[in-house]
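Chain nomenclature is as follows: A, B, C and D, assigned in order of appearance, with residue numbering initiated at 1 for each chain independently.
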């Protein structure tokens, strides 16, 4: 019963096979190979537009590098105040940008809302020299609370940002999970809504170690090859990134993997919500279930060896927050999560799994 | 006929199999897995001492992170003036150290010699505030010229460095190739000779993407977990680094792979040196052959589709440097290089391959 | 009627004379002069302890350099969310620390309170690699709201910080103003309450351009000479910093200048508070008056050529915040502010100056 | 007998008076004052073109900030290998640029020559991702060897740089000394010869602490206000920089002060060169005399309390380098150097001062 993270899963067989296949021939180093070229082409197809693509091995690398292309050292990067880039990357965005200021914006359910964004931007006047200048907005899709931004929300936030001269980034570590949940096309969820650059994650959704930085505003990609290289993120055997990404995007594999993880999360969420004493903190819109459960349930799960995180947040409305005797937990599903794992976890919550 | 780089090779089958095996189970994220723990244990065994080990996916990441643990932002990092860290990493060491000054030291055959090191250190007096302070020495083993440092050379250079309060780093992107050529034990070639931290490369010698930063002076590793994380070099599915490194070090695989590449280089070097009009620039001591050949040979090779680099250097004595009508080339072998590739390349140099 | 900033004042005559005197002789460069040595000695006397002292020309330089000595690049610096280091230095602390994360803590009246500090620290667990590590706490004395921390408040905050392994900094751009208001000794307001390093401002209080970074925890000063030099903050004719600071601390000049500015602020605050329709936002505890006044008053002041800032803040309780038709203004006094300036300003607020 | 540095001198009386005068009124903070505006206007007049001007207090600040506007973090800054920016600023350019690589170019007499510059540029191919990219060229005028670049030399070097897409900087810490020696106009020595940005020093030539960063290519100045602010180099009482610079440029004061220092250097150089056993290392073209003298002379000078530096260099041709029993010394004159100081120093060299 491993609900600790989608990073605990292995590699999808199709991707593993692609790695093995690509290993059979010689290939130019540092990303100048055919696999990487085809992966870039597929991303352009997926997003229905010309893009600049840079493959890297980690999500933190993708995010921090992307932000360093979008924000100058004396600028501010706006994000949700519990965003991964702000809370979980040990200052990587500050490091890669050369000292840009990360500015967290509070918001229910892990999402930045329009008014708080406007108010925050008003505190960073363009041209006021003593103030960090407005640089970039980063939106996590799906969010750290497992929720997703609607198309209109993204469009409104990007419009506010662009009106202030602020470039827009989407942290898509769980892009596929958000996408299949949203019903949108990749283009609709990104550049058509105003996103300039995207961290397109594959690792959590079945790759070995592969993320793409995708630039829709290609002028922002101008120096990215140097940024990536000096960040140590240009793999020498770059074909193995290309091979992963190509397989990931072939025949809809990425969508199937994401749908599988999301379905597991929905099943789990529905079952837990039906338990007496349990409730969802936020709606389960991707592959993460945030639930408030009795402490006894937490204890039962721990005893049974289940893996998951107890969670703390500032994004939860007071009336849904855990009370005495309750704990907020995060339960993450992946393409590998089995029905049996879910059943056991739910069973341990006290009552048999409700059918449906 | 691919002699462009050992990065052009694929992955050794044993390592590919280990990756596949490790994918079959769930594992904790970010390097807290058993594979990584076993890899660290094996490195301790290999080096016959307690070490702190951090796995990363790229050599530039390993080098730049290691140097950032050894040198403070206001310090200088001394290295050969054609060292990879100085010439081929787009300023990564400067970036990761927060602005340390890379100071190149000229030397024949890609190697730093004792007297130039002493003279250079004398230009950076400890305590002279206007001067960058002496911070770290980085030695490439094997060097960028395909040569290797002898045990006594390493020991003398490290002694000079330590006497000046300078920490010592070995860039071992081709550590295995140097090791099997040297006849030394891993301990003798590193910490017993005075090396404080090592970039232990596996990628060029058969891994997919895996390098270890190995600290012999463990106090220097104190903050490394944070440095690696904020550099974006902590892989989420860290087990795949662990699995690669474990397989690499199992049953002497790493030594066999390196010996295979080195043997190919020796064969090639011997054959080329026997050609009229060709000569070796430096002795072939690892898996790189640097040869001065007639321009006509370069043309013949290109026509036949051979891949290799024409080379420029400041490390070559005038009497061995290319003259009019000659070109210096770099020919790199890997564990995948075939006898047939070598034979064809040599044959194209004008005459049949000499036997032996 | 210049109430825009205490930076608008000139130089106290005693300090100007000291500069002129010190110019008459030759002096070693870069701070190795007798003036600087005597200034350091005076600061040790003032603080009744051994200190390491580094003079610089700007407050931003003093703060950012001090923080770079207290926090490592992967750490967090905690401060009030409207602190000068966070809001008004264009990211200088991020730059000098190499990318540390500034974490603002909300608090009434510009001050960090104990519970919010504890809650914030709890979000940055020591040893959790993905999280910026707890590094430094910076307290502004006087605060950006013109208030001052009591001795017990400083002691409690420093104790909380130290218990978490967090080093403590005081931004004393208006240290003298806070000190004379507090009734404390310099030692009581700083190291005896737990402060490790202080930006000791003189510029706003009568110097030309002179601030001291004072280390009470002298181990933290170990590399500061290099930090200052590479920041470009080591003046070549360093004697002129020494001469300013020496004169500033001679015969209690600094205390007299601060008392003069504070007295002006008290007079102004008292008079304004007595005006119908006006009220103080926060108590006037140093040399800054924050008042909520009718928009008509703002208009009258502007028409008459008065200089001051309209202010926005998140540190003001809702019941004291400006309502429709009201504006929050900041009025800063200096040692040069005249009774006449105050009288005119108050008179323009609508009614004759109340006597007392 | 103080020949240690021109930083040992005081402030020219005219500048001191201007500081005192400017102190009598209130002025806006942070450089928005009339003094700074007039100083900028004067610089535009002096250089006969539109310029963007930023005043700072230190030469290291001016150089490092200027270079950070000219070179991106992944670029290289080319300079003489004994340039002040490379050897004497504790890595400030690396810090401010965010990690650009300083690349020293050897050259006789402290000057970069055209061929070595071309050869160096050839080692940094534009677009080769692994290589630091060509960013900026910095020329010191006068050089660290007290020599000056001729107009044609500057023009040729700048043309080579610009042809390679490299921006050009002049470190003019001793600009006035070079200028009056050269017979050129300020425009001829800078932008008409191809200089994009200049560190225009005043401190060594009679100011208290004042340098201007002057942009001839004004597009490069676009973000400089933020760079200066976050570097802590925007003085709060900025008028005092403006007042210094205005006075410095009024009625040719700056030229008279420089001519005085240069004349002293010429007198000293001529007298020393006439001494048996002494010789000049390089021609004395500004206000620094580099002489090779008998060790006995050094001893006599030290005994008499003379202040100066023994010098080591890589810029001196072997046939002029000190032999056994000889020492290379640097003797710097300033506008305060007296005829008597020179006479005593020369007299102590062993023989009476030659007349003329």
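One rule holds in what follows: a residue touches a chain if its C-beta (ideal position, glycine included) is under 8 Å from a C-beta of that chain, and two chains touch if they have at least 3 such contacts.
The structure presented is a predicted model; accordingly, all values stated were derived computationally and were not measured.
Undergrad: Name whichever of A-D and A-C has more C-beta pairs touching across its two chains.
TA: Looking at contacts between chains, A-C has the larger number.
Undergrad: Taking each chain's centre as the mean of its Cα atoms, which chain lies farthest from chain D?
TA: Chain A.
Undergrad: Please report how many Å separate the Cα centroid of chain A from that of chain C, as a whole number.
TA: Centres of chain A and chain C (C-alpha means) sit 41 Å apart.
Undergrad: Roughly how far is chain A from chain B, centre to centre by C-alpha average, rounded to an integer in Å?
TA: Distance between chain centres: 35 Å.
Undergrad: Rounded to a whole Å, what is the gap between the Cα centroids of chain A and chain D?
TA: The computed centroid separation for chain A versus chain D comes out at 51 Å.
Undergrad: Name the residues of chain B that each touch 2 or more other chains.
TA: Counting only residues that touch two or more other chains, chain B contributes 30, 73-74, 89-91, 94-95, 98-99, 129-130, 133, 226, 229-230, 234.
Undergrad: Once bound in the complex, which stretches of chain D touch chain A?
TA: Answer in residue numbers: 30, 72-74, 98-99, 129-130, 133, 223, 225-227, 229-230, 234.
Undergrad: Quick check: in the complex, which residue numbers of chain B touch chain A?
TA: Interface residues on chain B, with respect to chain A: 2, 4-5, 7-11, 16, 19-20, 22-30, 56-65, 89-92, 94-96, 203-204, 208-209, 226, 229-237, 240, 336.
Undergrad: Per the contact definition, I'd like the list of chain C residues that touch chain A in the complex.
TA: 73-76, 87-91, 94-95, 97-102, 123, 129-133, 312
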